[in-house]
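Labels run A, B and C following the written order; every chain starts at residue 1.
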């Protein structure tokens, strides 16, 4: 899909808990809906969360949640009409220009190969390559 | 108040612990002091922290703090001259162009209504609307 | 070293766990390798991590890691050829235009003086001063 010359959004996704993955997905979806180009760079726990055999599972909540917040998130997941962030992100990738890559260094650190990752991950790259593609964009770390 | 044409600051406030709320407030106050327009978008635990009956309470510290760091924060709160981040933020809103909105999706998720929120929250909006107002600004996720 | 007129990178380093400090270092090193100017502003636990007598120690992992992730990080540290983030950051400062300052407010809060900090920290400044030097750059909060 063609994108306008609006400012791109570049997102370093470091965190791997469902609340932050939800927040990241909302941001990516919003930018994609605005025809903005979106680059997502997966590092550490964010990368781990995209492993094929883990992506659709429960990833818990950040420490901010507390026990009460975790209970809320659990209930939200069981509500009718609830959509998992991974499905929302796949959809954003279909309607918009969303490019997801994995950090080569994190892949090495965790011993993860491209085949271990969900197919929505487009490839593996180093931070310099990511920064080049992120030039002029809004850069966010989650 | 008139703002200059300096770059705006847009802040997605996701976290709800006092250390991160302090850091966010310092950033907002600094930008406001520079006559920069500031947009704050409250999500998840950041939104929860702005509930009328919770905002002035103790919100704990992020996991980074450790027991020792939490003790430091507790002592800092009891020091003479200490100002709660909520008061600092209200002041920043009086002297500067600070616009605080709540994320519509998070409001739904937590069952929070506009009436539940501290009056310094100006309204409720979706992420697309927030991103439009954030165009061309420095975008930060805390 | 001369830097090109590429967009600068400004990094507020709030977090103090080794996984986030690693991620921050990768980002700084990548930007420095691209001849981009880099400003790092140390706050809270990020500042604490740069104390002379703590910087080379184990700073643990963020809550995202979980016990399994923490074990992975521990093993990664013991691998041959592993370089501590502090050493990588020192190297980035030698090859690139990396400027590290400590947040004056956080220094006060923790009772830290300039002498307590690792020599790679160039100075102490307030948030307004940091924001001025960060104008026009990509601003990231870690």
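To be clear about the criterion, a contact is a pair of C-beta atoms (placed from the backbone, for glycine too) under 8 Å apart; a residue touches a chain by one contact, two chains touch by 3 or more.
Here the structure is a predicted model, which is why all the values come from computation and not from measurement.
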Type of chain A:chain B copy interface by residue overlap (half), same or different: different
Angle (degrees, nearest 5) of the CA superposition of chain B onto chain C: 120
Mean-CA-position distance for chain B and chain A (Å): 24
Of all residues in chain C, the ones touching two or more other chains: 62-63, 138-141
Chain B - residues contacting chain A, complex: 12, 14-17, 43-45, 48, 60, 62-63, 103, 105, 109-110, 126-128, 130-132, 134-141
Complex interface listing, chain C residues touching chain A: 6-7, 9, 19-20, 22-23, 26-27, 29-31, 33-34, 36, 62-66, 69, 72, 76, 138-142
